[in-house]
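Note that chain A is present in both complexes that follow, paired respectively with chain B and with chain C.
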Partner chain A sequence: MRKSGFLASVLAVALLIGVNLLNAAEPIKIGTFLTVTGPASFLGDPELKTLQMAVEDINAKGGLNGRQVELVHYDTGGNAREALNFVKRLIRRDNIDLIVGGTTSGDTLAAIPEVEKAGIPLLSLAGAVEIIEPVRKWVFKVAHTDRMAAAKIFGDLRKRNLSKIALITGDGGFDKSGRTQILKLASEYGTTLVADESYGNKDTDMTTQLTKIRATDAQAIINFGFGQAPAIVTKNIKQLGIDLPVYQSHGVASQTFIDLAGDAAEGVRLPAAALVVAEQLPDTDPQKPILLAYKKAYETKYGPVSTFGGHAYDGMMIAIEAIKRAGSVDKAQVRDEIEKTQGFIGTAGVFNMTPEDHMGLNLDAFKMVEIHNGAWKIVE
Partner chain B sequence: MLEQIFQFLVTGVTVGSIYALVGLGFALIYNASDVVNFAQGEFVMLGAMNAIALLAAGLPLPLAAIAAVLLTALVGLLLERLAIEPAKGASVITTIIITIGAAIFLRGVASLLWGKNSLPLPAFSGDEPIQLGGATLLPQSLWVLGGTIVLVALVHAFFNRTLLGKALLACSFNRTAAQLVGINVQVMLRLAYGLSAGLGAIAGILVAPITFSSYEAGIMLGLKGFSAAIVGGIGNPMGAVAGGLLLGMLEALGAGLISSGYKDAIAFIFVLMVLFFEPTGLFGHKAAERV
Partner chain C sequence: MRLTGFFIFAASVALLPVLFPDNYFVTVVGIAAGLHVILAVGLNLLIGYAGQISLGHAAFFGMGAYASAILTTRFDWPGLLAMLVGLLVTGTIAWLLAQPILRLRGHYLAMATLGFGVIVHVILVQATHWTGGPDGLGEIPALSLLGWIVDDDQRWYGVIAAAMLLSIWLSLNLVDSRIGRALRAVRGSEFAAEMMGIDATRAKTQIFVVSALFAAFAGSLFAHQQAFISPDSFSLMISVELVTMVVLGGIASTFGAACGAIALTLLHESLVVFEDYELLIHGALLMAVMIFLPQGLFVGLTQGVRRRWISRIASRQDMKGERNSTVQQ
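Our next item is the complex of A and B:
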């Protein structure tokens, strides 16, 4: 009896020491839930790689506030319900200090109520404006909104005096949200919509819809989507001999689009983050060194960069800066510091967050680019 | 308006021949074992991805295409040997579930090998559209159409004119009887999977310049090809072609004349109607139910 009591107390002491040792070395835990598999995997894949690269880099440099950083990741597969489950797990079981993620708007929106309830700062990598409108205490986002993309396109249309537009969009969440923004902004910019066609994102031919557009008096075509469908639309436009200016969204701002659409991509314009035209920026541009550094680091390790990975870089860096300024991982303090992010130069643009604006990017963050000889060219 | 409808029809044929070409691949394995091979779409994807990879490795296009077909046929053989054969004697449903598992596995391997982006394959004879009345179509569509015709003729001849084809059919009618008359059912099954994979690979290579390819391209193509095959009557190569063209036309005319939003709904309602009134498909065997 006495012997086992002694043993128990020894064990308890050992356990206590163990726990204390663990505490001293306990890393800062950054949680993330991304779409690394499934249809949106080409977004989540570079995002995860970027986050892993950033964490390795920080730890190699001695960590953050003297502590190592640990990334806890779950793959949602683009399923919003899974996203919610994983966020619950991140908060309750993994005890993360902060979340960088949601790849897609659907995943992020599903996670928001849980994050708000638990009071964990979240930096979303998704596009939809609904994530930050209305402003939520704990939720921030670092990717451009679809409204900005639409506004940028309409600005360019106005410059070219084009007022009758044909819209063609896919059936995905990104496509639909983009369509809504375009419909909203069209009248504001004095343009009329003469066609509003749709297609399935896995369709292999859109000539039917484009034949209908050809029969209208449209002066320009806007296609809002991502993945391979916009490339097929672009090829079909050329096949049908439709000679109108074509606008794509920031969803296709990657070399993949040019590779897929080939010659048909010539002259296509789209709003894109500065990352795709990093080399062409003037040396005075404050973003240029950041962009080139990220690009080099990513490309030596994994291959061609994408703007989506860039969003992950921005999210992680804003989080790290905020934790540094806060001097701790106290969630309320870190949240306040994220909100105070001013003049942070990221890959997506210069971030100036305020209590009213939890993204902090303005229209200058987008460059209007045109595809010229199979490469991007800034046209403004 | 007439010109528009003509373009819709041309589009319908283009899309329909893609479905037909993929749908054709279901016939072989079905005829040998009554199993619907849900990895058929993955064979199509593997053919395209292999060709793209070999082309990128420096092989000329014709050589890359042939090598890709052979490689994919080998995958089909291995699949039969490693996944289907160990489950010898299992029910048809079990085997179908194995093929679903194989499809997921092949997709996963493809995503590891070639990444998650869509990849292009250059068109065989350029991208300059051909004018046809008021409508246009791509030269690659003619390749797809031509390929469909040639392959249908070959598959049809295989089942009706060659001993091997007839032996294959015999396996599905009655496995024991086939064995008794000296047909090696095991070898026949391997052959069916190998040929089927090769056929899928040819389809994948022919359509890739139009549809692109990615590790998950097989899901959609497989599904549409399967729809084409069951509309036409699974197991009948001619049926797959008829079913594919019908589906393509319906989609194009539905999108063009009614609304592009209802395109898939129209096609699926049609498939359901066919299955409801003609459960064996439009051109399926009207053979009596085997007990």
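Our next item is the complex of A and C:
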């Protein structure tokens, strides 16, 4: 009798341990596909580091809903073909519960058909407005759209009474969709486009296009792009002695741009997320503590922070909040909870998502900043 | 007898989804491999049998894909009709291109096809209005074959497998036909071939067009299967990758090209986990194959096996012969 009681208790303990082990062996899997190498690596690299940091943090605090979180990552190198392959792999092979990612619009747009078919919530970190317009059931995004950037620039132009603008863009996806938005919004804001030049993103000199712009009666120059090219454009403008206000896009809101463009960056304005000017925000700003906390955490670990890493932080946090509220990783429930995100304060602004708006940021999320003595300064 | 290898291959392709239903490597990687096989087999006709190089094959692949994508999304054409028009357009362009380009040889032909590939890629990126530019074209409808809609992985596997087997069968027959023999003669020596009464220019043009049609066919299927295409899938790197597949498997062997395509697809898929070291390992493996099996993976291995087989039979016969001679003594 005593023996069997002992045996039973041993069995019970073994069973308990077994069940616990089983639970522990099944982490929540969050998939991501980012551009960690290639021309857009300065976007994807801080994004990946941020995601890894966030996951480590959650696991150190005991996990999510009592389960550990595992990040499954693939590097697309900025190639949409690879992006689609990796998304298929994440869904079919790695059985992830949710996807945070798509560094570039091209990568995200490539993934959308697959994600919609499989029914997996996706939080994109890319800019193009086409990602959420038309609204798709499973697709959300957390980065500002190119339309918002264009609107912000036009708002600033209006304030300065500048109505004739020259546009110069590259041949990448970001450049092209930015150009489309600027062309669309120009008439709404009563501005006329006096030049619409383009260059190849791998070009090393844009003086030809800028000389043409110099010959027009433009009152300001807008350059939409990211990577090396906008820095070269900015330098060329200075070299040609064109004395016009220069506007860049949020694509260059990183220290790298200032370093690349050097003195020529002085006075350049661009719409950027509040993260780059976190210290200058008034203490009453609800975003300030979040921004400073993220900035400190990132900088102690990896070095200078960038707004792009901030997007990854927002995406991850929105996903985590949604999983917490849903109390499970049931895909439909998590999707519904992401859509119900209200008043979430992230690095990009305050998110209020609705069934019609799968981003939930408004124009206030952008700050117009100017580069002053090699640093960012708020100008509104 | 001539097609024994083909039937064995066809049977194993048909058996895979039955043995491993819902396996990632069958239904997802298998589809990608199947498309690569069509492309490589088509390119092998040109490189392997006609001895002409093309570094712009991704362009034909892209034309087929974009023809299908644009016609079905912008004009609501049925998929099959769009595919046919795509084939027709690509074939015509390939024929026109062949007139000046196939007069060139060796490096010059490589340069010209490379240039063509780059031009098509630039057009795909720049003609935003039609192609969607660098962001690509999405929401391509599923392919419908007489009311049977191909929309899940199993069905796609079936369609791509059938298309792949069709192209291998076509290639095998083409190679053993009069045209195939003419091509091999041209590859050996164009001058000698012409002395034998072969119209070398015509033979080369024909095979160039056929090869482009294979690529366009794969492109159409690719567009419908992925539901999204962008210029990235048709860049110079893809052209180079296709040539690598042909060379890796074994030049001038249909199954060699197919084997190279499957091997390279699987290799890429299984090396992904090594992240930063992927390219390193990838390159090292390719180098190893080229050093130890210079005739290519498939050709090298089958020849090796055959040689061993023959030598074993021969040695057995030798032994028999010796025994016989001892008995005689």
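Going forward, the second predicted complex is superposed on the first by the 356 of 380 C-alpha atoms of A that agree within 3 Å, B and C clash if a C-alpha of one lies under 4 Å from a C-alpha of the other, contacts with A are read in each partner's own complex, and residues count from 1 in each chain.
Following the convention adopted for this analysis, a contact is a pair of C-beta atoms (placed from the backbone, for glycine too) under 8 Å apart; a residue touches a chain by one contact, two chains touch by 3 or more.
All values derive from a computational prediction rather than experimental measurement.
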When chain B and chain C are modelled together on chain A, clash or fit: fit
First (chain B), second (chain C), both or neither touched by A:L84: second
Which superposed partner A:R136 touches (first chain B, second chain C, both, neither): neither
First (chain B), second (chain C), both or neither touched by A:K288: neither
Partner chain in contact with A:G106 - chain B first, chain C second, else both or neither: second
Touched partner set for A:P39, first chain B, second chain C, both or neither: first
Which of chain B and chain C A:K176 touches, first, second, both or neither: second
Three-chain overlay, closest Cα atoms of chain B and chain C, distance in Å: 7
Interface residues of chain A shared between complexes with chain B and chain C: none
Chain A-touching residues of chain C, taken from the complex the two chains share: 24, 27-28, 32, 125-126, 128, 133-136, 138-140, 226-228, 230, 232-233, 269, 272, 275
Chain A-touching residues of chain B, taken from the complex the two chains share: 4, 7-8, 10-11, 14-15, 18, 111, 115-120, 127, 129, 136-138, 207, 210-212, 214, 216, 219-220, 251-252, 255-256, 260-261, 263-264
Parts of chain A lying in touch with chain B, wherever the complex brings them together: 37, 39, 41-42, 45, 197-200, 202-205, 207-209, 211-212, 215, 227-228, 231-232, 235, 238-241, 256, 259-260, 262-264
Interface residues, chain A side, partner chain C - complex: 74-75, 79-82, 84-86, 88-89, 92-93, 105-106, 109-110, 112-114, 117, 128, 130, 171-173, 176-177
